[in-house]
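Chains here go by letter, A, B, C, D, E and F, matching the order in which they are written, and residues are numbered from 1 within each.
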């Protein structure tokens, strides 16, 4: 149970990172609007409040360390480091973000997920990935095997995945068309929500035995 | 097998109907731009080509028959009749659509799905529905039981469902914030894509036995 | 006079409800941004400030009672119950709203109005409505008679109306493509503004006798 | 009758010109997209088809003669020369347009109208104008008297007017936030549509005697 | 040096005024959202916070004095008076602004600049201007000589200029498709930034002798 | 002269590649809208016409070879390989693009430029870059030295540059928030336009001797 909880944390972080599709953010109304800490009293705005532009520095637009490999010692064998507006405050109102994805050899998987607010464009730096997305209706699967230097596009909102089919680590850089693309990892959202979805819903939707649903809801 | 194929058709139609979330469409640049048949030579535009405005009639903005119950004699016990821009050509560029959803008694289900391009607002006309959506991260489930006259909002891009927990038919009207909201029924997209997703991906993502994945891929 | 004032209140509320056209709202930058009370010191934002997402509940996304008929005992014989972001705070940033419109028999009228920020799609649940809108230039009228189950679209910004031509009550549900569509009831805005428009303007614009203008300005 | 028809033509042109409110047009996806003649076979797009960029010239972005006074010898005593995308094809996708408005002395009126797709900002070059707009709800009137060099803003979608209260001609330049702002002159749209609105609707909406409505419908 | 500093101030103000290209601002979510003073504690939003709508007056939407000629006694011989959201608070969320540009005779120049957030449409009131813009790639120059009553469009983001080639003062009114178009005067931004750009960058980019670059960096 | 022409071609290509800032593109109205060849007869749309979705393949969303170094043997010592919608047709309507930038050792420069339609986020893969951008007004310079794994953001529309200050080649990947960000290389656009800008304009704007302007116009 405790191990499961640990796994959940790891998986959720992974899920967060493993997604980054791109949405269509509102335009800026000034050169930039660097995000500041959310105002006190629990009041927020669509996006973020901004710093006084006179106090903005180069550090607000930068981040260091994306050359460091992420830890893929987890159940799915992958790790996503997402630089969205929470990591680079200068991205506020600018409609883009960036991520590094690491994959363990022999099956590291960035599992099926959607980005509700972003298209994703990915470049493989090392390794060999089998990648794909499913169109909304009919559910057509479009896939390709990518090697170093290959680029692929995952349209906004569609379910997609990346899978390391090589014998070495794989590394990719992905850009997403939103300052906060969001990520919904399908298995976690469906079987691992808190509180859990009524098992009768999942039993019928997935045509699974109720025991299998119960088992899955314990896993995630 | 043949039965399975039939079911698939039914389910895909259902899925289509069962979704309708709403996205943020571009603004019109004239009073209206009634959709016409797609131009010959396989050339399309974002959205639709439009009719000569002088030839537009009231019928381009209307549809009859949404008072007729949909057929819920299918595996999930629900039916969606979606009026998007394909059904009402006058919706082109106007950023909205409408649907009727019917649910069979004792468990009619509009299974978990997302609308990549729309928020959905739903009103129950008859019956009792247990409805919910899951936030993107963390995966928090927000649910409510709705009766006749109750209204609920499903934010754009999030996984959501409606489930008839009453003893009678249930009927709802849903509006979606896009002329073409799209629908991704999770179970169908993940286990029923054409061609199928590599089973190793699903085995790892869902932590299922490979036999269960194979079984599911045959179902959808 | 006093009666006139009372009527004005009723009419304004009616007007509010009787409109809900749909605009093109900015996209969300997070899953949702549930509206909170406007901040103190009279400071507002475009749209609304938001609640801490951790404090959001299902009630923020719901409303009960739209099955209850509105009171049509007023001069125009209609009543609009509009669920915009002021009634359902979860609609903030999501670009949609919903309304119920009741019409008295034999002439209940939702008088000519525009929604500056929304297209409207309407479904008749009961009764028979004569509905229409006028294009901007030339001023072409497009009309249709609707019965139960019929759907009609009123494009954003155009003047439109609904009129009960049946012998029974009529009820419609309308969806609007903005969280706050706004409504401008023509007769009220032109003849009932506070303070009143210079009568010379109205006399010339409407080619009416000045006495008629004075009479109208007292009515509204 | 013949005279009435003539007047109608004049008035409609006037109405066209007298409006130019400003909407929120989609962004360009290239430097410019100069409008071309609408494609044959009655097929249009949202906005306009574009010329080959290699064939674009300076003339596509320009217009001459806005220093020439418009003819105000008509029933309302005003004239609008609107330069929208139909007059300057280079405006396509660029979200702005410009107009000159002339007013006859002693009461030249640009009658109450809305622009469904644009905010308007106006500068008075000569003369004295009484201008105003009405908010959507409550119907508050906001007015000001403007002299040469004064600037005023009319928010998108709201009913507004300009009235020459001086003894000389008045001239204004107005900019509008859409390539095709549209204009709905209230009196014309309500009483002069083709075909006419059912008089019962107008009698009830405006609380006018049916004879007055009939009279007005003949005027416009 | 002191003179140079003074000049810089003048030039920067000029640059501010001399630009006003137009961007695509987010849509309003209410009739208007009149800008208020930025909130204390250095917290800002994209655009501006707004006043209580009940406290809004006609003055929030107006400005007086654009009939007064600007002072062109400066190095480039031109002056821009820009009315953006900082000058007319009612422009907030409405996507438009207005400017007056004065040019000294025989060579008054509004030097090459871009507006990152706006298209500009300009009308010449007096004088003769040689105007132009450069496309992004290839760098094609499109120019025209304008006289009183001539109108010209400068597409969003492109480098453009206006030059008085006549013997008299010239005056123009320009409208811009953003509440805050921004202006980047090329020479100032490149050679006059604070702190200065590394001279090696400019030497290589402009293929200039290093002494010339040093000289220029002292000028601006 | 001939050599100059060759250089110009090389430089223009470089300029094209060296830019990729990101704008705010319209949202898709379907899952994707893969760009097709522009229609015959010189007719275009904002963005691109699209292929029949049934004929779309994985190749429409991919590109190979971004692992190959660009040729930096040119006057500025840098090379940009931009993958916009012209290279990856699947990017149409999706609002993002990607580029690889190579820099020669000891001074390879991506010279000062703007992207009229995109913000840029850049990650250094190898080498050491001095990067910066200039705010619009006042012209404040914000710079940083980046090493491998460092990320930096260049806001939409602002002038920016990257300069190799290390002894080795440098390589960066940049993502841009538009399917077609556009690039305006300042020196080329100002001194190398075709036809050239009137030298009197540049002499005054840059406060340069006319001979220097003539020299520069021959260089570019």
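Details
Throughout what follows, contacts are C-beta pairs under 8 Å (C-beta built on N, C-alpha and C of every residue); 3 or more make two chains touch, one makes a residue touch a chain.
Nothing here was measured: the structure is a model prediction, and the numbers come from that model.
By the document's definition of touch, common neighbours of subunit A and subunit E comprise C, F.
With steps allowed only between chains in touch, the distance from subunit A over to subunit C comes to 1. Between A-F and C-E, more contacting C-beta pairs join the chains of A-F. Comparing the CA-atom centres of all chains against that of subunit B, the greatest distance is found for E. In whole angstrom, the spacing between the mean C-alpha positions of subunit C and subunit D is 24.
Between the CA-based centres of subunit B and subunit C the separation comes to 27 Å, rounded to the whole angstrom. Centroids of subunit B and subunit D (each the mean of its C-alpha atoms) stand 40 Å apart. Shown for subunit C are the residues in touch with two or more other chains, namely 24-28, 31, 45, 47, 53, 116-117, 136, 156-158, 182.
Taken pairwise by the contact criterion, the protein chains fit none of the simple patterns, being neither a path, a ring, a star nor fully connected. Pairwise, the chains that make contact are A-B, A-C, A-E, A-F, B-C, B-D, B-F, C-D, C-E, D-E, D-F, E-F.
Of all the residues in subunit E, the ones that touch subunit D in their complex are 22, 24-28, 31-32, 53, 56-59, 61-68, 83, 88, 90-91, 94-98, 119-121, 123, 125, 135-136, 142-144, 146-158, 173, 175-177. By the touch criterion stated above, subunit C contacts subunit A in their complex at residues 26-31, 33, 36, 39, 45, 47, 49-53, 55, 92-93. Those residues of subunit B lying in contact with subunit F across their complex are 23-26, 42-47, 116-117, 178-180, 182. Taken together, the subunit A residues at the contact with subunit B in this complex read 12, 15-16, 24, 75-77, 107, 109, 111-112, 114, 116-117, 130, 132, 134, 136-141, 156-159, 161, 163, 182-198, 200-202, 204-208, 212, 216, 219-220.
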